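One chain, chain A, links the two complexes that follow: it is found with chain B in the first and with chain C in the second.
Moving on, here comes the complex of A and B:
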């Protein structure tokens, strides 16, 4: 079991999640964040912290979201840890509206 | 910031918020002394997190890493108010952060609350997790049924510990004395009772799902328990209701389950405690059946006039924790928290200079471990803004050390704690468990200072 960052993070990258992670399991590139499944302790603190509901428990993924398990694991291992809140991407607010989550 | 001008900060309490405040302060170049009443660090991670949730406890490795920083020192076995006062600390340090958590429980305020057989979940959790203050408690588990009041994660923890087999618990770091008592438990029916409905429960989806997957107990729901009104539906459809919606989905999977195993967990909604009754000992809990009224996210439970009684020989009240006041620090007795603005302690309308607060004692007892990180980050941000470019004026660690020495207090540093840690792990290994906690402060201190590697019967010491 782990938690994964799914599609909604793309073009948002709000990074609120990293401030509540007790174990520094978030990694990121220019576009989005990923969770390292070997470090995540399944505390779920990040789920309500995400303004666009991008983070899910592995258990709650729908069939077409399951690809994110592997993407998170692979990307996290190559990218730097993100521990501090960063400014969201310039497209974040537009993306949030598009998702109907304002 | 150079080493010579490093700010000196004392943090009170070594639970998650204390460690996360320390981490942020160390990153900002400060020198941090973490003061703890017990000889052991980690607060509720050690004494609150359930023994069968070992993954969560791995955050202790992060805390240990923080403690390894060259500008950090641990002062365990130092009691605020007795060994050193807040006012003294304010003189020794540039700033003091109170991160003492919420150490007591909220009262229900109903008749019979203090009957024999009625306990707070806090007492029970602290006891099975080996908190020295609760080692002497006894819990009579010889009845058939227990009622747990509250629909949060602590209530679910208690429910799980009562519903698991002793063989399942044996491999965890649950204390030997608790394992012995649980082996004698005759409780077969656990009633988990909430005042409001399934859409307002405070547990996390993960904890709820777990009680549906136990090897010895079935979850049982009443027939119309999951009927929702329009306002509840609206809550679950809202982004603020994401967690509740997730948990509701899991509740749906419990519907129609039959009792097939030896034990059952009965979920009850919309029942507000009215009294705990019995002749000298708990025999039943009586509730007002309620319905919800009010707008989305502010619905309240109103009695319908019907009363419901559940037969039980044990009641665990899990209706929240409450902070206790610290001498020399403003306190709001009603909320059980220290008044603050973004972590600055407020003395009336003005900030108390050099005094800060973080964690549950700041914002109240809600939120999992990681939420305290964001909370502590906010506090440290306020503090750093207050420091501005003013150099450190404080003597810091040396002043605390000499003051403690003058009073004959011997603090436990992190190396001494490592001796306790190693001895507990060794004692656990002998029993096939990850750790057997020491439950007496004397044993902890003897191990910390004596360099003893193993102690034969730590729990009986």
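Moving on, here comes the complex of A and C:
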């Protein structure tokens, strides 16, 4: 089992998620974050921390979200660990509004 | 004590046998528990719970929960029960017990309990006063940490040791035999933080666990050989003169003898025992001795083999040898439970134990029930609470045989009909943590916490403390012990006037939920910078003044007599496993593989292993094997395999992983036998032999064979 970062994280980088993770299992690039499935301990602490509801536990994914399992695994293994809160991308606020979360 | 609010937040704490003892916030809406979250302000909890407890609220409403007392109406083990009233349950127990006492004496009754709940009122010691008063056999509860505690206390005394929060200040950290990301997840971030600040993190484990993968260095060791590694490290430290002579001279006892002993453990010899290259042993010793502050987290796994106690002894000597205790963040951590001023004598009432009362170890349950121990009088009644021996105790088949005895009167207090409860004659329904008051016992940090009831229990479900009140009344005990309220008992069960609790009262805990006890702050605490060991000599005893095996009284109802007593070497030594290819080649011809059975990630021992979301997260009973061992048996990932030895067998799904060393298999503990393919689980193959200290179990000291079976 693991947790995965799904589509909502696209173009968002509030990174509240990483500050609560006990095992530093978030990896990321300029665009967004991914969870390393070999490191995640399934505590779900990141789920309420994400302001756009991007993180889900594997078995809560809907059918068309399941592709994110593989994407997270692949991307996480290539990208560096993100350990502390990053400055939000300039697009962050717009992204929140777009998702109706502002 | 019932819940006082209808809607709002109530403070609590996790009930489980886990070193984290998380601070809870119970979210209550209209008298219903809707969510349980971790307290954001608690320095250890930091707002998180874990995979096991993140949906704790719904646990309280599990439809399988036992809601009334039950009596057996079918054959033993058939799970056929009928609801009865508390009055009927109590009078049945009373009549049965009075009959047994008249015919065989009180010692024919044996309690069986462990840490299914970790509270002061409802936990490990919750039934001790009752059973001492009843005159039952004293049950020695050595499921976990008992071997470590005997060894730790022999070496440094009942010290809290290094605070987990102080690990952030360490520069060299050894996590020894512990998969912290599964079993101490709230301790792990302090190590991650130290690592970010440049500390080197070493994990010593036979398995490349998730924790080992996160380390800077994984030292893979043959199970049961940790003592040899610690002595090998000493050998190097002494030979290369990396010893803190000033510290050793002032604050330790028996250095010359230790030096002689360590001289026998050259890196080459230790390499042959542990499977670790000699160069790595030398590097580990050098780095450990020269990178202050150096911290060791001692895992419980170390004790689970014949030489486990001596291994903890050796490991616990290391910090004094290099003067690690001088520094904030230096030293070793076993468990800090010893810092809490708990009045165990008042809880357990050992003064009620009749002189000469016998002790039976709980891990010998099968042998006790089947007559193998030749007990006189035999055990005629068993009372099980806070435990599920059919999953957690060794020699599963023997226990089942014992529990099937028609003449055994078994009472089980439970939340669910477990594989143990299914054998009961009477089942008593327990309350859950959200429904009861307690001060939690803590073995992984230095905060005392109060769990307050958030909701009322179902009408017939009672906390253990109330169950024993009712039993005491039924047995016509008129001692005022059972006249006190829960609150009054908690007042009496701690030394609230002690310096450790200065400024902390039950009343303040009602507001704050938890408080750090006054034993030094994490960034200052150096408990043994100047010795102050709580041993008879006041020093770290390389050579112990204790020479006979004992179980720390808290695991035996505070009873001091009838200790195991066999001689133990006062110097740390390496004691080879009971069962390994090297020590028992005859047995290894038939059963060539060693097995370890660590705790499951998604279960808490056997708790939650009956709940679908947890089963989904944990997966079915799996047998992990090295590719070489699998190939030799035509086993592939997904094969159904049988793991067996002379004691029993269990089946599981094979998973082939190179995280194990060749010759080692792993299967997680906790799966309920009734939910596995074979109706048995990993403890069916576990031996009921003990570790050489503190009567701990030898769960990681077993040889097995594995074969492919038709699915």
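The working rule: the second predicted complex is superposed on the first by the 102 of 102 C-alpha atoms of A that agree within 3 Å, B and C clash if a C-alpha of one lies under 4 Å from a C-alpha of the other, contacts with A are read in each partner's own complex, and residues count from 1 in each chain.
What we mean here is this: contacts are C-beta pairs under 8 Å (C-beta built on N, C-alpha and C of every residue); 3 or more make two chains touch, one makes a residue touch a chain.
All of these numbers come straight from a predicted model, not from anything done at the bench.
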Inset, instruction - State whether chain B or chain C is in contact with more residues of chain A in the superposed arrangement. - result: B
Inset, instruction - Check the residue A:60 against both partner chains and state whether it touches chain B (first), chain C (second), both, or neither. - result: first
Legend entry - Touched partner set for A:7, first chain B, second chain C, both or neither: neither
Legend entry - First, second, both or neither for A:38, with chain B first and chain C second: second
Inset, instruction - Scan A:71 for contacts with chain B and chain C and give back first, second, both or neither. - result: neither
Legend entry - On chain A, the residue positions that both chain B and chain C contact, one per complex: 20, 22-24, 41-45, 59
Legend entry - chain C residues within the chain A interface of the complex: 38, 46-51, 54, 181-182, 185-186, 188-189, 192, 196, 210, 213-214, 601-602, 616-617
Legend entry - In the complex with chain B, residue positions of chain A that touch it: 19-24, 41-49, 53, 57, 59-60, 101
Inset, instruction - Going by the contact rule at the top, pick out the chain B residues touching chain A in the complex. - result: 16, 55-56, 58-59, 62, 204-206, 209, 239, 242-243, 246, 367-371, 373-374, 377
Legend entry - Interfacial residue positions of chain A with respect to chain C in the complex: 1, 20, 22-24, 38-39, 41-45, 59, 83
